[in-house]
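Same chain, two partners: chain A is paired with chain B first, then with chain C.
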Partner chain A sequence: MNCTRVMILTLVAAVLLGTAGAVFAADDTQGFDIAARSDRTDLGFGDSDVELQMVLRNAAGQESTRALRIATLEKPDETVGDKSLVVFDTPRDIEGTALLSHAKILDPDDQWLYLPALKRVKRISSSNKSGPFVGSEFAFEDFTAIELNKFDYTYVGEVACGDLTCDVLERTPRYENSGYTKQVSWVDQTDYQIRKVEFYDRRGDLLKVLELKDYRNYKGIWRAHTLSMSNVQTNKQTDLIYGDYTFNTGLAENDFVKGRLSRLR
Partner chain B sequence: MRTLLLVILLAALLPQSPARGEEVDISASVEMQARAFWNDPQWVGQDDQALQGSVVSITEFRWRNEDGNQRASLIPYLRWDASDDERSLSDLREAYWAFEGDDYELLVGANTVFWGVTESVHLVDIINQTDFAGDIDGEDKLGQPMVSLALQRDWGEISAFVMPYFRERTFAGVDGRFRPLLPVDTDNPLYESSDMEKHVDLALRYSHYIGDIDIGLNVFSGTSREPRFVLAPDGASLLPVYDQIDQVGLDLQYTEDSWLWKLEAIARDGHSGTFAAAVGGFEYTMYQVSESSADVGLLLEYQYDGRDEFEPVTINDNDVFIGTRLALNDVQDTAVLAGFSYDTDTGEIFVNIEAERRFGEDWFGELRVRAFSGAEQGDTTYWLQQDDYVQLSITRYF
Partner chain C sequence: MGTYFKAIDRFAAALTRRVIANRWLVIIGAVLIAGALGSGASKLEFSTNYRVFFSEANPELQAFEELQNTYTKNDNFFFVVESASGEAFDRDTMAAVEELTEAAWQIPYTIRVDSVSNFQHTYATEDDLIVEDLVRDAEGRDAGFLEERRDVALAEPLLRNQILTANGDVTAINVVLQYPEKAFTEVPEAVEFARGLRTDIEAKYPQLTIHLTGVSMLNNAFAETGMADGATLMPLMFGVIFLLTWLIIRSLTATFSTLLVIGLSTMVAMGTAGFFGVKLTPIAMSAPIVILTLAVADSIHILMSLRSLMREGLGKHEALIEAVRINFLPVTITSLTTIVGFLSLNFSDSPPYWHLGNITAVGIFAAWIFSVTVLPAAISVLPYRVKEKQGTEWSVRTMDRLSEFVIRRYRGLLVGVGLPTLALIAFIPTLDFNDQWVEYFDERIEFRVDSDQAMNHFGLYPIEYSIPANGPGGISEPEYLANLERLTDFMREQELVTHVYSLSDIMKRLNRNMHADDDGFYRIPANRELSAQYLLLYELSLPYGLDLNDRINVDKSATRVTATIEQATSAETKAFFNDVDAFMQENLPSYMHAKPTSAAVMFTYISERNMQNMVVGTILAIAAIALIMMFSLRSVRLGTLSLIPNGLPILTTFGAWALLVGEVGFSVATVASISLGIIVDDTVHWLSKYVRARDERNLSVEDSIRYAFRNVGMAIVVNTIILAAGFFVMTTSAFKMNVDLGLMTILSIVGALILDFLFLPALLLFGRNKEQPEIAGDTKLLPSTA
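Up next is the complex of A and B:
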């Protein structure tokens, strides 16, 4: 055997092994990579402020509306969660009620609730991940920051979604107390944005479908402006209709401390 | 009347058509409240009608400048009671101007500040006077004039309060329920300090959290919010006496999964000496019980108070509070809090049920039931024994 043959064989073997490795790796990482690519289109947004309407609709079609504001402070480190502040403007009896969250990845978030009637700040348990957020079809875990590393991902395949093509990912919560066994998300291949999510309950049955529509681009940062959550088991629906986002409004760490909660109005 | 004039004057000063970027928010609510007592009154002079009606109006004027670093608030509170003149009240819950820097806030004017973590008694909460005529639960407060400075640091928030004017506690009049044999003469209060209501009170608070633990530490020096009582010279009424006190307080909460562990403790150098008081317990919540959206919470707190008979009377001296909180998490935010306190020394029981929900977008209804039992002559709740009541209130928001 001459050296050349040995080298060629070795190369072929290496290429074969390498490819095989890549194929195996695809099962483990392709889903994560797609999710990460989507998550990272958001990187560097800094901070944001937005007003939105929450429209709750029961099975009979009766509507009830809430107006709220959400301020978010980005924590670029993927091992740390973002900080957010949700303040209610209506209904009037809860005007000024605020929820401050310091999101964690796998540990329970730190959350404080501000009750304006007593001007009381109350640290609350965040283990209630699956409970409804203010009577809506959104659970707490749907509403607080969706962090990349809160889930494990599996790549399912690709399908057409409207005019776009979407990668379909299955994601399973890594944190405790989730109300879901799995979620299936559709991420488009053009702008890498999430277009739809299916939520499966603890029995494994389809519970809710979230559609994310009206994406707009703010200097490279995409935001959906209509989020429709439909509960397929109860036929209730909650729409979140966002106004225009403002970015880099000068929010800082001190705007996301519990002492701020009594100074919001 | 003076309050009303002040309100009109301050409202006139608020920008009528806000400049671009300025924010002015005006909102109002009117609450109609009816109380029904099913026992005859205990004391001579008390209105013997079973129904007591009242109306509460709260108007909120809020202003914030274009930069967002200055704000002002004006909240006149007006209450008219059909049976008891002393329960009618005009107050400014808030009337302040505040300036916010990156890591500090300066506030000048009247404001309401809450401290504490427990549910059955609020021991460390001392800045504001209690509107006891408004509600015997101690959660209705009067606006406190102050200059306050809050500093936010990485290691927590420090707030300092200078309070140049004292607010007297409100009490039911001779016609009203929830009063002792002799009514409290709120027109002739006595003070330990010769400065009387103009004594300058001081307070300092530190507040922070470390992981799952929230902590608050505070110091107060000034006029006690709780009065003692002495017999008036004519023997026909009780005069409230407001002593000078020094008090340190601690509030702690440990939040772990569905458990909130709570502790409040104070040590006070009061009228006759130094004593300590504490309340501690837990709130445990079962989320989405039986696969519904509803949460059910269980509350247990123990109250201790070491004060002697020369200090202001407390009913929370050696009591166990057991309660449950039901939140339906529906569109109307229906919630019920029901519980009772049991005095382990005397066997007195105080039952408290509060249920509330929204109707439509702008209406809010609340039902309360309160009942007292087990007290004998000489016990601290004996004077309330005939005052069991149910209260229905409807609030319309504008």
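Up next is the complex of A and C:
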């Protein structure tokens, strides 16, 4: 009698747990699937080159602009990060300063900086690079290619975003030393592009909101040309305004090695 | 004009008859109106921001807001960690610091945390720039590592004497917050969390003592002090008034009626404040105390008249009508002068004093209305009897003796009172302004105790300078950095200064790192490009929350230098500002000149700002009150003469304070207008009786003085006792501005009593010969009532 009761209870519990597990599992995959579908619209761009303006604005309304170029080399394998090279054109006192970055999925990125005034390349040996990129509201991780496998995903729901409908995903960093506890991203259901990202600080409070606007299609590859990041806690803001992208410019692996940094100009 | 005053008399009598006929309607109506207005009190909230002490127009506030918008906000918590071991870098203490640093990020609205553990230590290894937490995983480290890191910290100018004491015994954690400033619960919410953290860490590491201070604790202390005052002062005040009224009038009915009047008046005042959205501060919280004190005076005058009229044999209702009739004008005039005095507080630069002035003005107005309506109505409803007394009372005998003494010795009194008064006034220039916010609170307030402890080890008053460079990117110019270094060195040499945070130290450290940690390169980089690129490299290496955005503005055309100073008087602080200014003028290019700013700077100048504004306000109040006196006494000459007993007590108070205490906070600016409205009442009562004797009874100066003393002398003494008791209650406040205000008001009230009794009659006697021809002219204008 007692024995049967225990068995029944166990069975009920198992069913309940199973169902719950299945539901969570379904959610997880859905979130990941949407993120993956978005990530894969980018697949096969090969390499790209673009010039951009970075406009910084503080709470007092003062502005400052920096000009830079970013060259990116795609690594089609999703378990390996892309390689990128950022070269500063203005302000003049950092002209020619170049940042080479080999993105990793879970380990800290490898980064080197070439200082033309010192004529030396310095490796940036910091495990925690979540700080602002050159005084802006962007961290380096916020605007470089987002690697699919850096995050775990949860599907939240769908909402209207402008003329489109967006899937809302919550993504939590899988790597150590992120400045964020979670991010919430809006991915549209038409072109599968990220339209907006909210960043939550380590307390779980909303810290920054990134809006990606002015998407243009380069033969199937979508690129946003205005990225606006607003810090809702400090009321500071940074806009990235991109020029036209060029794809397949013939960049190769050996353009993204430390040794090339000093010979860029 | 006499008919005009008779009309007022008739009005007052008719009013009281109506009130008595409709007494229940009056009582219920008043309670309902007071209840409706009083409901606004539920909207009252305590301000949790020290900025409430500064008006929008305050130049120091504007400069500070500008700085904070350019860099970051300056609200902070400052945890001072003291270990029983006397060594900050022992393993347990470091583990606790690490834990507290990490946990502090969870305090609501935190945007930055600085400690020895998360300090971004930089060093070179071949071509790598290593940037890492100075202490990580302290528990797993050996003593050698901790000792090495201790040496680094002690040699680091950004840490030494700010985050770590120079001998390495005590360390601190600084938490910077940015409040959205949308709700008053934000600061208490953060404070509760911070206190919880302290409790947790102290429980886990029993060898540690943690003192919690900082601007957020200051802000919270304002609210907590106001609430504590409200909880202790209000019941005490009601108790004092109950006791005094009962002692003076010896009637429960009268006591109850008085409490009803002043209770309703306070409700109306606080409720109105709520409807107007006033943010409470410890200063505004003293308004109910002031209202209770002043409102009771109106009732006491009417009740004392009522008692003596009933003793003369009048029935209760006739006596009530007569008591209101003869007091209507004096009560109106004294209410009016008090309202004028308090309204002039609106000239202050500090909004809390506007609130105190306006709340009190509304309360006094309500007390005036209720004293002539609710009071007679309540007395007529309740049982009230007076025992008839035989013979002259001791009070009358005392006053008679006093008047004889004054008349006999008036020449001696002129000198005996006049000279000490002048001597005290001569001390006024020695009065120093001193506003140190930690000392605004007494030792009952946790913030004061913790801050005092913290100040044993670190300076607590930051002074900010935003030093401009020559155009965008100019902060990397070697000339700018070299000058910045000289300024930093100069500031560090100043005795008051405990610490200076400056970009020049970071640049020197980076230059050394870039040259394989060669100490020979611990200097400003040789050219602009080098500095700019080092900075870029460093910024790319910093983690979230530890960036340089709070130190360098967006276009890199200015940096922020923070000098922290120890406990110092406002005068010493200003001397430091002047020294820095002189150094800049002499040694720095003009584009680098900058003015100090910060909360500490704002408080350093708060007294002067308030003084400047209040001088105008006080002069206007004096002029308005003199006009009211001239009008009510129907004599320009006596109105002008009244300026002496009205003005001198305030001046002697300042003089006495200069002699006894020597320094004042910004509340001093408001003492004059508050006291003025109050002490003028004594003069009104005394002079109006004197004038009535001269006019109606055609008595000589001597006899008129006797008449005035006999008829109103005791009422003035009683009034002074009540007022002194009320303001004495105010001195038990935990907030120094209220204590000072209370003490100074008591001094001026007592001074006014002395001058009204001993000096004013002496002046009248001294001028009596010259007065004779004029008296005929004055007579026609004399009021028939006063």
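Everything below uses one rule, namely that the second predicted complex is superposed on the first by the 237 of 265 C-alpha atoms of A that agree within 3 Å, B and C clash if a C-alpha of one lies under 4 Å from a C-alpha of the other, contacts with A are read in each partner's own complex, and residues count from 1 in each chain.
Rule of thumb we're sticking to: contacts are C-beta pairs under 8 Å (C-beta built on N, C-alpha and C of every residue); 3 or more make two chains touch, one makes a residue touch a chain.
What you see is a predicted model; the values in this text were computed from it and never measured.
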When chain B and chain C are modelled together on chain A, clash or fit: clash
First (chain B), second (chain C), both or neither touched by A:135: both
Contacts of A:91 with chain B and chain C, given as first, second, both or neither: both
Touching partner for A:76 - first (chain B), second (chain C), both, neither: neither
First, second, both or neither for A:99, with chain B first and chain C second: second
Chain B versus chain C as contact partner of A:120, first or second or both or neither: both
First (chain B), second (chain C), both or neither touched by A:56: both
Touching partner for A:220 - first (chain B), second (chain C), both, neither: neither
Which superposed partner A:263 touches (first chain B, second chain C, both, neither): first
First, second, both or neither for A:162, with chain B first and chain C second: neither
Partner with the higher number of touched chain A residues, chain C or chain B: C
Where chain A meets both chain C and chain B, residue numbers: 56, 58, 64, 91-94, 118, 120-125, 127-128, 130-132, 134-135, 179
Chain A-facing residues of chain C, complex: 66, 68-70, 72-73, 105-111, 125, 127-132, 178, 180, 472-473, 476, 514, 527-534, 536-537, 539-549, 552-556
Chain B to chain A touching residues, read off their complex: 25, 27, 29, 62, 71, 73, 98, 100, 102-103, 105, 112-114, 116-117, 139, 150, 152, 157, 159, 207, 209, 214, 253, 255, 257-260, 285, 287-288, 293, 295, 329-333, 358, 361-362, 364, 395, 397-398
In the complex with chain B, residue positions of chain A that touch it: 56, 58, 64-65, 90-95, 108, 110, 118-125, 127-128, 130-132, 134-135, 179, 252, 254, 257-259, 262-263, 265
Chain A - residues contacting chain C, complex: 56-60, 62-64, 88, 91-94, 97, 99, 111, 113, 115-118, 120-135, 139-140, 177, 179, 201-203, 205, 233-234, 236
